[in-house]
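One chain, subunit A, appears in both complexes that follow, with subunit B as partner in the first and subunit C in the second.
Moving on, here comes the complex of A and B:
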């Protein structure tokens, strides 16, 4: 237990010191970052006050959407600024030490892991690709079709409704399985351009702010010189897969490719 | 924040936040720092966050006209 001392928030690790951060680069808690060097590595850290970041306070604050959003964005902003100058290994959110000595010890103890991670992500960037299941415009059996029976026999409004409804359900089921198949194809196709890939669970529609269900939530580690090819491949996939809507995000600091057990997704 | 008055900017920010939370809460190097929040606790955060965001967008849907696919 440490009282009234504050904490050292660890953002990430670089090889060379990343140089001075831009004036006004405020990190977590509004505090500008600083660096700690040991074992030929540099930790990017910030000093945060005791009030919000002690164990109990942190547990409570992580449940607060506004606090979590603010903190995640601040953590990300510093990592992104560092990543602009060179490879940086991100720490998971809320990696905290009571003093610089803890950070120094971690750099020494994990030096080999950090160096491996730095060499994996050097001159490479993380890109996010999400796919949403959508129904292409004008599916067969769209509402409003003439309600004539298949062999011209008279059909009442009830039968016409039933027929239309069946067609809609079939189209909907087909669209959904087409979307899943497209998601698998997209994932595999894009993996060809990536050094490594990782699948995240699809985000819930409400959480993602999208009505269409998400069928793919993937991250790719792509060599910077192949980023253009990767983007072109996405454009081609958008043109050929009508049942999914694709979105690209990034480049991200390599969050998804530095932890244990990460790396290649299924190929 | 549960009142009306959401604009597209806020909506766009929330979409990015979800992608960011995927990464900062389940990516990155896990170090046993001086405070350790276990994976299970982080998952609990995600669950309650999801519930919170769901209730907000449920409210928004209630205010919107119902939408359909083409």
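Moving on, here comes the complex of A and C:
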């Protein structure tokens, strides 16, 4: 096999082989995944062509949002399918080898790291919690209608506007600091149910698909038997923090808890 | 993907029981995980994502959000020493701010360039 024909894309590492993937579980490049076992570990991999995934092509393609989105989703879908059967250590996107031998070598060389990571994430799942600042309702005092002066004459649209604007600014400043305080509390409260937690930078509105500013973007590693408690805690927090909207995502493969340099938070 | 009110549209049923989540996940959530997290091992191909300086989407994802965050004053997670190891040290904080400033101007330049290209 020549090195340039294609590449072996590595999705992640499991302990036990994850078993057959469902039909139609197309991975990166539309190619179904397969597994390679060595050192008591199993790598979930896929075969990809040089034309799209070679070094030069990859550099170009990673800059292309559509390609990147497609590839990221495919990578994630396979990891998610694997995670449903048991713990899987996710690889960062675009971890590529020239041949199966490279994968086998990595499994052997890094066996201890993989095993350590697997034992950390076993019977635990990653959950994502985001909070958005909720805009306060318009301040009291019929917005849009100018106040009438004593002589029945309106104080003028200019003055009324300024008054309204001032009230809005004050309300929005209060809401914003309250939202931040809420985010802090939410983060700390939920950490009590988690084995470990991470803060991500808030996402830009475009990517979040939300116009409201994000005030919290956190990931938690939660023992599966505490997932119910964790969800209930979120319910309670939703009820008590009116300036934030909370969303829960997951369970995720434990992306946020397997990397080196743990505990550093957002880069 | 937009939802209003306090009921989290992307939340699974918030009741104790078997874990099952909503799908598909939002692209931003996936990207921040697959690009920034996950174990890093040296593959045979030398396209370390961190080496791709112009990885536009990553810059947008991280920098745009930092930018938005500081604009609206929402950067408590950066400034709180209890939450952020970096913030515990004032000089690190300044270094971060400087780095952020430089990255921001690079993003601007890149965006200007991509507008020209397009």
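In the analysis below, the second predicted complex is superposed on the first by the 231 of 267 C-alpha atoms of A that agree within 3 Å, B and C clash if a C-alpha of one lies under 4 Å from a C-alpha of the other, contacts with A are read in each partner's own complex, and residues count from 1 in each chain.
Following the convention adopted for this analysis, a residue touches a chain if its C-beta (ideal position, glycine included) is under 8 Å from a C-beta of that chain, and two chains touch if they have at least 3 such contacts.
The structure presented is a predicted model; accordingly, all values stated were derived computationally and were not measured.
Trainee: Determine, for the superposed arrangement built on subunit A, whether subunit B and subunit C clash or fit.
Mentor: Superposition check on subunit A flags a clash between subunit B and subunit C.
Trainee: Where does A:106 make contact in the superposed view: on subunit B (first), on subunit C (second), on both, or on neither?
Mentor: both
Trainee: Using the touch definition from the top, say if A:213 reaches subunit B (first), subunit C (second), both or neither.
Mentor: In the superposition, A:213 touches subunit C alone.
Trainee: Looking at the overlay, what does A:255 touch: subunit B (first), subunit C (second), both, or neither?
Mentor: both
Trainee: Which partner does A:90 reach: the first (subunit B), the second (subunit C), both, or neither?
Mentor: both
Trainee: For A:133, is the partner it touches subunit B (first), subunit C (second), both, or none of the two (neither)?
Mentor: In the superposed model, A:133 contacts subunit C only, not subunit B.
Trainee: Would you sort A:238 into first (subunit B), second (subunit C), both or neither based on which partner it touches?
Mentor: second
Trainee: By the touch definition at the top of the document, which applies to A:36: first (subunit B), second (subunit C), both, or neither?
Mentor: In the superposition, A:36 touches no partner, neither subunit B nor subunit C.
Trainee: Identify which of subunit B and subunit C touches the larger number of residues of subunit A.
Mentor: The partner that reaches more residues of subunit A in the superposed model: C.
Trainee: Is A:202 touching the first partner subunit B, the second partner subunit C, both, or neither of them?
Mentor: After superposition on chain A, A:202 lies in contact with subunit C alone.
Trainee: Jot down the residues of subunit A that show up as touching in both complexes, subunit B in one and subunit C in the other.
Mentor: Touching subunit B in the first complex and subunit C in the second, residues 7, 10, 12-13, 54-55, 58-59, 62-63, 65, 68-69, 72-73, 75-76, 89-98, 102, 106, 110, 113-114, 117, 128, 134, 200, 203-204, 206-211, 249, 252, 255-256, 258-260 of subunit A appear in both lists.
Trainee: For a test of understanding, state which residues of subunit A touch subunit C in their complex under the given definition.
Mentor: Where subunit A meets subunit C, its residues are 7, 10, 12-13, 54-55, 58-59, 62-63, 65, 68-69, 72-73, 75-76, 80, 89-99, 102, 106, 110, 113-114, 117, 125, 128, 133-134, 176, 179-180, 183-184, 187, 199-211, 213-216, 224, 227-229, 231-232, 234-235, 238, 242, 245-252, 255-256, 258-260, 263-267.
Trainee: For subunit A, which residues count as touching subunit B in their complex?
Mentor: Against subunit B, the touching part of subunit A is residues 7, 10, 12-13, 53-55, 58-59, 62-63, 65-66, 68-69, 72-73, 75-76, 89-98, 102, 106, 110, 113-114, 117, 128, 130, 134-135, 137-138, 200, 203-204, 206-211, 217, 219, 249, 252, 255-260, 262.
Trainee: Where on subunit C does subunit A make contact in their complex?
Mentor: That would be residues 1-2, 5-6, 8-12, 14-17, 19, 21-41, 43-47, 49, 52, 54-57, 60-62, 64-69, 72-74, 76-77, 80, 83-86 of subunit C.
Trainee: Tell me, which parts of subunit B touch subunit A in their complex?
Mentor: Against subunit A, subunit B makes touches at 1, 11, 14-31, 33-35, 37, 41-42, 45, 48-50, 52-54, 57-58, 67, 69-70.
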